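In the two assemblies presented below, subunit A is common to both, partnered first by subunit B and then by subunit C.
Up next, the complex of A and B:
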């Protein structure tokens, strides 16, 4: 980007970038039509503004002044073991034989990935010339009413991503890690597509980490799940970005009948992070848990948008989110549960709680229920509060110093969300990781 | 050893304690009784360092050090223990974690070597067994779902572990049935020693049947208006406060 480009708005820069991008796309590629459609929509709509109800608490252009340009200097670690050992979580969590897919600045790093022949898991890349039929089919369908301008941008610009197919009757739970490192940063876009056939089980663990960099990061990412019947899927995501990263994550999931889907996210840092999660319970007797913890300090802004739609009878969903917000950070949570008329006997519970640690911190919550069936149990609740002075005094009266007392209470606030992680090993590791992050956030004044 | 001198305290411009004084020597048990609103709980809270109170005058001395200059945690590690009338429930912090943090803070503040985890567990289990506190209760979140008796026993367990010099029991008998009261009183009596003193705040003489006080004080309108021995409590039980309130 030249200096003259900086004079124009980021939105115009992105549009210009899109125009150049679509002109270079292969018209024969199976994604071309969807890219072109997305381009036309983005050209028409641009970036979402605060007048859009789903974006009312997040002003993108206030945070995004220009498209960052990627550095040409690459400082990638030399080998896979060094790379993995840099990440505490990976060291503790990974078993030999687990699949590890490593991406750096939106691009898959084959030399850093660990790919083993697995009878029941097929892995390929979105940048391959030939896309598997299942992936093409999933990619080209409409995923949700909530597909928005950022999703269009991602559809148009996605350069790479993992295509993961877990085959039918895969009863041995496999761990698949998708690691993304913001290394030299810049502007990048990627998409993962995951298909889980009937009667299959899998753990998908996503790690998103930012290295220190002088270059800002702007990215869009999406993960599209198609999950069959009688499956058990555990998804855990950990993302710790630095405060020069702007990220737009989108998750779309179609869940079949008699399936259990547990998805847990820990997010921290970021100049602006939008976490959009859209789940359709399409089959009866499915049981899903969408939960997470947002830890914000410095000038972070994390906006979680969650929509769960019950489209079949006898489905259960639990949404439990907790945020800890310190310094000048801002947390946003918009949660929507929709129960279609056909979805009788739905049980849906949503809770959103925020703990504010500073007088400059902010939390905006908007829980919503849209119920069209008449025999359901649905509830939602939202709380925003501070550390209880009575609790603090009680701990201090037992000799526990103020800092330690606050730390205990902050940990206590989020501890129960970890119950949503069903895999014991993942739970233990993420518990440790979260504790470390909590220790930092509870002190505040975090700066990268 | 523990001395409150001329303590005057207000809340929102209303004086609750007025020139209050008490002198407690090592090993003594002082009971403070008094009608509602006389300032008993305020005294306990101010000694322990709760905010929301304005100290206008006076001192709270423990071994000649003015506790009013210290934070609540420092007052605790110096040897003051307040048994709460309503122990606070803290979901997400197990009783064991809380006890460990508390005990470690005390050891560190007093330059003692922190116990290893097995030694700490052994100590907690020993003290807990004496108070009929089982392992399950220690593993549960602090005071969450505890009965009134369990909460108070938990307070006494903390007292036993922290080895304080002065214990202030703020209506420890409230909400307890007879059996729980006996158990709590037995726990307190086991902790009585020549070097440890108690201030027992209560509305009822019943508690003093089990914890025998050396002195009984009547508190009214923020100060002590009468001091006697344990017979004073018996007299109060019979005739009420009217004979003493002028």
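Up next, the complex of A and C:
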């Protein structure tokens, strides 16, 4: 570390950045009050330290020495189709008239995005001078009930983002892609607000990629979901950052009754990646599934924080996370299921499994249950271990080479999380993507 | 569901007034100056005739304590304790070391009789194999130690810690606070500064302690904190089983209990530590009750050593207790079996820590939490493996049972793995007694009350069977009393 006495800490750098930022904001804008409130809170709290129970295993300041300065080192690609075809997932998954929103370094790139006029989906930008009433309402509500330090930072600094409104009775399943590309060094902040009205269906596919291995980016991003009653929402996310990117992702979802919400994530890389998810089941008879696979190598550090709160009776939630940890990487999982007193007949299951492949790797898990209702079935399981030598021997004794045998066993370890993807086409594509990533496991490199 | 309604009704009916041990005995007591200061510590040390090094040790702990703040991370709520309004030492006056039970204050003996400690009976059965040596702690001072002579024949030292400080200073100096450092936490620092008594056990090499050793702690005097210090050393190749049982009379004001228990198992040694805790839990409105803030830790220092904790927690208004094992020696084994029952407004935040440092260490955690009434019952446990802890193995099972819909159950496990050869498994479930089970029993002519008793007993069985014979009966009785009305 080259920290000298003169150099100020990243926390102070962020604070002075915030101070400058708040001075430039338009005081008449509908977000101004929440930005100001967030600034006051951030000034008071600063970045969360390891004494904060939710950050017990992740020391931000150890990873974040200085905030990267914005630079223009790579020019933006111009041809939209070439650009999209670079992505495996998009090439396989995209229908011709799917909506694609491309963000580069936290800014919406209209020339790279594909926006079609759709009857049932309205898309606007957070940058606009006039924010739709629904988006403002959702944003303010979340701001008022939230004290998360990084959410506040994001509220204060957000520059751009998509506002997606899926209208009532949208029966045709629409795919909406949100693609983020890190193309240049810098500190980026963006927020998406997604509103899904009653009886609607939608697939939201997020891709987050670092374009080059030397891009030093720090970002905070948040998605606020407001999902109505009788909806079916599939959310899949693929993020592959380089080894120097630091990212803080926050997701908040309020879910109505009789709704199905499935969310699946594959994450790899990153110097530090915080995946924070807060899901509220506000309506009865909803069924949610949150699952994911974390593939860590090098010095990467992925911290998944997941809180699911059942606030209504007869809801079901399943959480299934698997991590494969190699080299010096560190995986953290903190999960919390809260069942309110009113939420009788809740069924909540959580499982966290980690496979550790190197003697310098580390995995910390804290799966929590907080139950205030008696007629519930709640459970969690957590395991950590290595590839079983017996299984390896079994396969080798049948003529399968060691590398192949290891690949098979690792594949078998993570593959059942894919069951949580309900959309068949997404399942196939993500299955392929994961296969490709796992094929490199024996070489200790997960990045595609 | 009629069965559910009935259960809820019965649970509502459970009144903690049924607390069997709710009375106090009138004694002349001798007290330290009120509040916590250096003077209090000097007073205690002087009263106990302690050598200079012990006083300095205490004062050091006190200075460390002054720099610490009360922990607030546990899932418990209680009004702030005013340490300035508390006596840190109180001793029954007539304790000049009675040589036999006959010399003991008869009122005290009556107290024990009510508690069901069969001291007399034990003495009568002195020749019989299944003896229990009881080091009875009445408030703070160890009143009588039975069977000391018999144990001395085998070279076993079983005495009060104050006696040990006088007679075995080398052992005390070597081992005291070597497992729970003075500044380990707020309450251990407090305990180190003001502890008044407790038990000391030393088992010489290659000795199997011929009987179960036992201490009954009692809190009797109003407004006194009880600060016991227990130190158990099992030398190479030895074995000891230690029983700790606690009851306290009913009081309106909250009382504080901050004990420290240290276990040290050297090569090939095994320590089995069993606790039944039934302190006053407060009345049905949550008024009064004991605050139980205990630091218990065992150190498997030698190769192939084993420490096993078994606890049945039914009392106390607030429990804050994490019996832990440091698995330092290669091939060492740690075990934790727990039943925690909370009723009315009791709050329990209890669990364990298994810290795997040596190679091939294994640990097992079985925790059963039962919450009823308006209580809150949390399991909080840590399992961690060090970089060099090759082949560390842990299995954890935490089950919670909820009776009634005003109580809550929480599970907060911490699982930290730094070694690829580690295998850790954790599972937890939360549920209620299923109507199917009750219906099944009903079909066979078993009424609801008996059925619930049957099911709860079955739920706890894995832990109950770990208790030594002598304790199992009492423990089962306590489980019954704690859920009386709902389990029959």
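FYI, the second predicted complex is superposed on the first by the 426 of 448 C-alpha atoms of A that agree within 3 Å, B and C clash if a C-alpha of one lies under 4 Å from a C-alpha of the other, contacts with A are read in each partner's own complex, and residues count from 1 in each chain.
What we mean here is this: a contact is a pair of C-beta atoms (placed from the backbone, for glycine too) under 8 Å apart; a residue touches a chain by one contact, two chains touch by 3 or more.
Note that the structure is a prediction, hence the values are computed from the model and not measured.
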Subunit B versus subunit C as contact partner of A:361, first or second or both or neither: second
Which of subunit B and subunit C A:29 touches, first, second, both or neither: neither
Which of subunit B and subunit C A:118 touches, first, second, both or neither: neither
Which of subunit B and subunit C A:63 touches, first, second, both or neither: neither
Contacts of A:415 with subunit B and subunit C, given as first, second, both or neither: first
Touched partner set for A:400, first subunit B, second subunit C, both or neither: first
Partner with the higher number of touched subunit A residues, subunit C or subunit B: C
Partner chain(s) touched by A:369 [first = subunit B, second = subunit C, both, neither]: second
List of subunit C residues in touch with subunit A within their complex: 4, 73, 387, 400, 402-432
Subunit B contact footprint on subunit A (complex, rising order): 388-391, 393-402, 404-405, 408-409, 411-416
Touching residues on subunit B, where the partner in the complex is subunit A: 48-51, 71-73, 75-77, 82, 84, 87-88, 90-93, 97-98, 101-102, 105-106, 109, 141, 158, 162
Interface residues, subunit A side, partner subunit C - complex: 53, 57, 341, 344, 354, 356-386
